[in-house]
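Presented below are the structures under discussion, each in the form of structure tokens.
What follows is chain A paired twice: with chain B in the first complex and chain C in the second.
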Partner chain A sequence: MRRLRIVALPYLVWMLVLVLLPSLLILLLSISDLDIYNLGAFSFVADGFEELSKPLVIEAMKNSLRLSALATMICLLIGYPVAYYLASLKTKKKTMLITLFILPVWSNMLLRIIAWETLFFPNSILNMFGVSLNLIGTDLAILIGMTSMYLPFMTLPIYSVLEKMDTSLIEASKDLGASNMQSFLKVTLPLSLSGVVSGVIMTLLPSMTAFALPERLSGGKTLLIGNIIEDYFMKTSNINGGAMISIALMLVIIVLFITVVHFDKEGETLL
Partner chain B sequence: MSLWRKSPLLILTIFAFFIIYLPIMIIMLFSVNGSEKDYSFDSFSLKWYVEMFEDPQLFEAIRNTLMIATISTLIATIIGTLTAIGIHSLSKKNRTNMMILNNIPVINPDIVTGISLMLVFSLLPISFGMPTMLLAHIFFSIPFVVLTVLPKLKELDPNLYDAALDLGCSRFGAIYRVIIPSIKTGMLAGALIAFTMSIDDFVISYFTSGQGFQNVSIWIYSRIGRKSFSKGVYAYNTLVVFVTVVLLLISSRKNKKTIVRKEEK
Partner chain C sequence: MEKRLVEISNLTKSFDDLEVLKNINLYINENEFVTLLGPSGCGKTTLLRLIAGFEYADDGVITFDGRIIEELPPNKREINTVFQKYALFPHLNVYDNIAFGLKMKKMDKSLIEDEVKKALKLVKLEGFEERNIKTLSGGQQQRIAIARAVVNKPKLLLLDEPLGALDLKLRQEMQYELKEMQRALGISFVFVTHDQEEALTMSDTVVVMNDGVIQQIGSPIDIYNEPKNRFTANFIGESNIINGIMHKDFLVEFEGVKFSCVDKGFEQEEAVDVVIRPEDIELKKETGLINGVVDAITFKGVHYEIIVMVGDKEYIIHSTDPKEVGDQVSLHFEEEDIHVMVKSDA
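Let's turn to the complex of A and B:
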């Protein structure tokens, strides 16, 4: 089958053009006054760095880090036990159950956000049950929304690792005298680490960069870094400023990406 | 596991299902709500299922969404499968490197993919709209097809391909007659993921579509909280969820069949 290697070549070119080129472009735009819509001469300027010291941008970065870290922690605390439980089921239905758990991801996210939004207003369909929430604008609203949207991303990679795990290892640890807790901490947990790393990153990144979700569930009050980037690129057309903020974000992403690659080289936990 | 250890896990799992399914249930409820308001439910009505076809802009957005999803899935499945075959035949080191490259768009947040593609497309001599959105959808779908097809290729006996060549097949004949039939389930799964990702994508489409060409998500985003937000979209989403469930049931049944066949052999 070695002769088929050639088929991978066009993809390499395609990926370099659509992944590497734009990354370099963003880097160039962030440190120059290049006009992307009207290419011509440009000079290197340091204006971009001022973007990073604007109070609004710093505030948005802090919000992004705080809320995404909290959301990821909540998703891990719920997602790990759920993945563990589903993977431990003896029934053949467990594949169906985990698929059902992923299914909502395949339904329109904006509409799911709007559905939460309507529930969080004091005047909502929950009034029928005598409940009235007033959560719009609170961190809690954003955290509930993020948990609801991203929990499947945390659960699936952990489930895939736990499901493939050789259960005889756990039996062996018990034969050797480990308690349930000990065999979980010393066998199951370390072996599921690659799933946990993938899950954490698949949750952390979308929650850190969300923009429609915080916009709706905070009533426009809480800005995340995604809101700033959307604003720069799509509303005020400050491409160079937006590029600088994206670079800051991409540095975080690169560190996280290297971590995933370290634990899971071929991306087996990504699906 | 004894019951006292199991029940907290069971309760947590039910809670997790609840929190991810609640918004879907609410959308279903809204789709049959006779009231114009989202905060009261007075009567059962199917009028939004009719409205979905009668609001011209919503209907156009739905048509665009399905068209983009169909074309991008077809193209991504073909390219993704060939690419997976190519990657599979690489040396171990090159394969790992290609997979790292392949997984960048999977891990990258949509907003970064969105602005990256927007910048590259603005360098190309094409105007923003249907073609750019289609290219973007093909781009983010291929890695998922590669990820679903590659494990199937690993299960395949590499001698089969060489045997087909020895018996007189051309290279592509051997791919078509020997490799493709053995990786069909992976391709189908990849196509299903690509299609559902495409139908529901918002962020990447938003950054790569420019003005004028809207899919359902962009239609929603430009109308949230406005009068022109037609509740027909709740009906559309409910139908999409039902179709997805049916497709999943069919594909899981197919999977079962292939497993049975293997066991018979």
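Let's turn to the complex of A and C:
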């Protein structure tokens, strides 16, 4: 173990310089009047907290929570059966289907978002087939976008757990009198929870913090918390306010994280 | 006559193009300890899985308690299995593992508690209810797996090489306990193993299998003393297998010497395999009917294993009386120790 420490060093330095220090800086920004573009004397102020009570911010936080929770649930409902099916396949077909499943992740995410956007406009290539979706600005557009972006991240962790599961456990369950459904509910599902937890985290986190996706697919109508933070930093240059909102978002995510891990009694996924 | 619990007739099973079971005919009586014995890949586990319902036969019939059960899924059969690697549910504690089957039957809670307690007592793990499966040793997991199966009071318990992962000492202990358990419960056991000693120690009936075919069915004593063919003779204990000619009933010739024997029913002058067990041969210093030279001697604990060369044929002899390498010896045996069997291709 001791020898391995040196191998981990670059990453630890990376973490320190590019994750921990910036996080501390954000924290400092959020509770002071430090001007990042004109470093100098600063004093601690509580102005940032006011930002959190602004209706726009509260609304965006609610939107983010609602839409990311919904997207995660949809991903779970679609992803679990898919993972179950993939895990039950014979090797040859399995490899091909999983490759097909991962393939979209290899293409640029922004590109895929824009692709959805063009489909959702009233005038799109779908008009050729007599269809006009006109979804831009609706929650549905954002949900479809999020689901398509993050579905692989839900499916793959569940798949990898199911794939490793000892099939004799299912046989044992049936041998002891359980029907297919009972075997699934009493054995397969509880044993795959660790995969579900990973999947939920890997879907929930990016959809909570998404900003490009809602920006393109909502046509500016639905603001998510990611958009608000972007505006604070990039448009209004209220860096201290943006930092405060970031910190608040981080806290919300940590709370969600702890809640989810709490259900993962085994703790195998994360710890 | 004892009542037949399971009857298997003309059972055939292939995986892809590989025929793993060829025309299997077998019956299992109530309260009988049957062992399926054979080398790995002989089809014994497949046969067990067919009885359990995890696989379906291509052809043939299995009846259980007078009822054809082929179409029944495993959860509808009054049969329970102890799996090779135990297959205990890792997310449940000992109590919930054992109670699993009873809960499926929607049994009363307090009744379940009683039954689980009894089952734990049977496998000598009282007070283990709350233990986590992962903290148990291999031997303890083995016992829990047995308890989880027998608590359902099946008429037939299937055991798939359950002792394979245990060390020698524990294995011998479990052999004895399993036999006791089978007697106490009064149910039939079908036990799959590749270990001939295990089979001989525990069974009422041994079914020797090779290559998807049943080679011999019989009591351990029959199987050992009267192996029907070369394969059984070789697989059950060590054997000297010699080419011989059966001149007529009770007269066989091998190594150029005619011996009277107890076997009959062969064609006149039929070429046969003659089997003599290593412990049935006695070595004497003086010249006799079959003479040879001691080639090697190994101490085996209870006995010495002595290799004697007769011409260019090797004989294995087990004896408590050591010899020197190079000793001139003669081989002696009783006429009932000569086992004559139909010549096989192997």
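Just a few scattered comments:
Here is the rule we use: the second predicted complex is superposed on the first by the 247 of 271 C-alpha atoms of A that agree within 3 Å, B and C clash if a C-alpha of one lies under 4 Å from a C-alpha of the other, contacts with A are read in each partner's own complex, and residues count from 1 in each chain.
As a convention for this text, a contact is a pair of C-beta atoms (placed from the backbone, for glycine too) under 8 Å apart; a residue touches a chain by one contact, two chains touch by 3 or more.
This structure is a prediction, so every number in the text was calculated from the model and none was measured.
Residue contacts after overlaying the shared chain place A:Asn108 against chain B, while chain C stays out of touching range. After overlaying the two complexes on the shared chain, residue contacts for A:Leu191 are found with chain C alone; chain B is out of touch. In the superposition on chain A, contact of A:Ile245 is made with neither chain B nor chain C. Counting the residues of chain A that each partner touches, chain B and chain C differ, and the larger count belongs to B. In the superposition on chain A, contact is made by A:Leu86 with chain B only, not with chain C. Looking at the shared chain after the overlay, A:Thr118 reaches chain B, while chain C stays out of its contact range.
In the superposed model, A:Met146 makes contact with neither chain B nor chain C. Once the two complexes are laid over each other on the shared chain, residue contacts for A:Leu176 go to chain C alone; chain B is not touched.
Residue overlap on chain A between its contacts with chain B in one complex and with chain C in the other: 266. Across the complex, chain A is touched by residues 1, 5-6, 9-10, 12-13, 15-17, 19-24, 26-27, 29-30, 38-41, 79, 82-83, 85-90, 95-96, 98-112, 115-120, 122-123, 139, 142, 144, 147-148, 150-151, 158, 161-162, 171, 175, 193, 196-197, 199-200, 202-203, 206-207, 216-217, 220-221, 224, 233-234, 237, 240-241, 244-245, 248, 252 of chain B. If you check the complex, the residues on chain A that touch chain B are 1-12, 14-15, 17-19, 21-23, 25-26, 29, 36-37, 39, 78-79, 81-82, 84-86, 88, 95-96, 99-101, 103-104, 106-116, 118-119, 121, 123-125, 127-128, 144, 147-148, 151-152, 155, 180, 201-202, 205-206, 208-209, 211-212, 216, 226, 229-230, 233-234, 239, 242, 246, 249-250, 253, 256-257, 260-261, 265-268, 270-271.
Looking at the complex, you find that chain C touches chain A at residues 52-54, 73-75, 79-81, 83-85, 87-91, 100-101, 104-105, 148-149, 152.
Of all residues in chain A, only 166, 168-169, 171-179, 182, 186-187, 190-191, 266 touch chain C in the complex they form.
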